[in-house]
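By written order: A, B, C and D. Residues from 1 in each chain.
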């Protein structure tokens, strides 16, 4: 039913004729554009575009695209990526004690809502091994202590490489990844933070929110950068709370936000709908 | 600051190469596309597109566009409209007793948020004459009774024509417009209904909502058709209510929804962002 | 940490002195009121109250409460129920093909968020047997055909009785329960309907919503009555959709609403926070 | 239609029997409790209560209440206030250049939604004099410069006193009030801040939000304290934004939030529904 597509993501300096050039190129190779979306940021003078081309009939393919595309990408000075329809992304999930985001992602994966391969789940606790393995997925127990941190990160990096992981999801993973991992998977590590950032960055955001007496709590998914809880925001959601809500109530209500916000960001990433622009995201959804 | 643009709205059968043809046409006449948005409806096989072209540098204008554009519009069998940047739409507002939507639209107009000319406000009650005239706008008192309905509608139609009205906003106007008016201003009459349609169509929707015991109320703006409260929906919003809320509370909370939902639909119409597709809308916002 | 309580739910004709009488009664028996909430419906002349009394120190208990309470309940003509803190409700879940609500309830139960005993899960398909039994819960496969309907309902009823079920959750159960079951478990059967009722009652509400072109979809949990999708509404939620959303997108977005709305209603029922008033609910949350 | 009531607000150390004592007191003086709401904060050990008593039939009045009430308030060590139904609060509105909150409050006042007397509107610009005076309300132009600040604040204070103002609403007033004013009207000055506090406190929050690339913006109403944007939060609301939204779009969308959030907080204050607890609010709505 769903048609196989190539998805082309472009960033370049803004100027006249980009859309015509791209659309003309696709038409010349008999491609049918199913979706095209673009955005000009007048402050930065940058242009962002996402084009989804039906593979059926398109006379370019994985081997031939790049050479042909130079004719457009070079004169317009484009940074670009292309994703081919039959490539399924390989995902690793990192988790600590809290299981709600992990369980939610596994359920979406099992029912086909999230079309990825899960390479492995890794956790600094052993808690979720049974549940994960019952799904036929490998569970890597990587307990982190100040002494073992470096060694465990090396092990994680080699797992990620051996398993050809494309995207890492921090499903309430409470350890800080080193610059090594962040560098190697830039714009490919998605975190869920349990507050409406930039409010309540750092630890125990629900406690912070309760202390401050806010009437709304939130959740934020973002790409991970070196700066804790400061990376480009992908998706956010909020819900109302009141004076009767205890910290436990905030935690409970927040779980329902976190699951949906994280799943939204992961879906948008998987469908190649996100372009990073400085410390912001352009989400063509 | 804001650049003057032409806004081109297109509907045609879906097939390959439309975007390339449109973007190529614009580029050929030295136009810069500021925004382009499109949508394919696979069920109907229809294609919808909105293109916003910067006027500065574009070598086509009001007199020359249509002839040149035939080269694209004919082979693709397009229905299309173009709006030129320096044309300000002329709006008529119809109102009954409730003033919140009227007051809101007037405030947005006074502060420049709503860039229209208000040709006149007409009401079947005299209540708002003073407020409207204090804004320097003509107020037409058109009291409707079974006996005078036909005559008043004729007067309304002639006012609309004399004043070259482009768009009619029913700001809680509680009379039903005849087919004459609806026909003459198809897809140009915007109503606000005080429920989340299709629930609670017809009179006294807040009473209906209270009777049913819903936990959410809503408001819906839509284009007016011959079928009451059945036209294409443009925008909707909802808010929570509870067992303590009386009908009066629903009315009060609803007013805040209605104002924002109506203003949203009016803004989207004014900015030529809405295409009607059967009994639905495509809103390129 | 959480204190054990008795929860007293009262409905009676509205008049002076009810709160004083109830609070005085509790104080006389050395009870500490942790929460008290009440509501007067001036249209019906009815008064609704929920009182939560700490068991520690309260000199009445399960055996002695009713006799003492007559002193208050008789003069005020009260209908009332009392729930004792250490009683855990026994829940049966009915399910068809769709698993998202079932999976969500099981997850909330496993993590302790939903403090119930799950007596069994019954389904008219065999699909979920493995998942349910992996949780240590009995799965009853009750396939329903026109010929077997009566027999299966009898089996269901006897299961419900044998297992002392207190509350039945229809987690996207697509069969209609007979009046026998509905009568026997009045105000104790919670359904989730995948629309913002009263819009789109009946089958395939997401298709109906897509056809109508709404800009908001919703989900509704309600008590089941003889009239399909007409029972007292407990909780509702909505989310925005647009012209790009296909029916499949509505279904996907709707799943996230349904899970949360159903879980909210179930939690409120479990915590004895709902009083039914005619065809409405009073939810003391 | 609406019955006249006395509204009693109580804060005291939490212990057994408070509700019984209060409800018994009201019953003894033949008062009918229309609404009663209470909250226990286990962290602080504090108890908060709001009781609304119908005046018709109540044998205590403004002159006699305090003496009789000592019997309850002294043993329970209560801080308390009582508001009598026929007392209308006197409000002063302070404003700078932005008019949307002012216009909104005036509209709610004109239509009777906000049952207050508006003593005066004061602004540090002359802009709104005409609009305010057209409503029959005095406009005080109090331009503030570093040199005149002290003098203008003295003038403001004497206006507030001469006019017996009960509550001050900062309707996007961009000047900081001195400790003199804040002290004199503690828990009676309501501000609207154009962000979801605590994010983006201080100046130009929409610019800050745009820079950070958030996907949600908000508005916050709170009581004013000496610490800028740090007072007890009364109400908050949020709305979604995207990468296409410019700072101007955030400002436009935010105006619709600010108006409703400020009006909500003002209504709750006017109806004596707010108790301040440390740096938080208990809102019995």
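Assume contacts are C-beta pairs under 8 Å (C-beta built on N, C-alpha and C of every residue); 3 or more make two chains touch, one makes a residue touch a chain.
Bear in mind that the values here come from a model prediction, so they are computed numbers and not experimental data.
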item: Result of counting contacting C-beta pairs for B-D and A-B, higher pair; value: A-B
item: Greatest separation from chain B - chain, by CA centre; value: C
item: Between chain D and chain A, distance of the C-alpha-averaged centres to the nearest whole Å; value: 42
item: Between chain D and chain B, distance of the C-alpha-averaged centres to the nearest whole Å; value: 37
item: Touching two or more other chains - residues of chain A; value: none
item: Graph class of chain-chain contacts, one of line, ring, star, complete, other; value: complete
item: Chain D-facing residues of chain A, complex; value: 39, 196-200, 212-216, 218, 232-238, 242-244, 277, 279-283
item: In the complex, chain D residues that touch chain B; value: 99-100, 103, 107, 111, 113, 134, 252, 256, 260, 263
item: Interfacial residue positions of chain B with respect to chain A in the complex; value: 16-17, 19-24, 26-27, 30-38, 40, 57
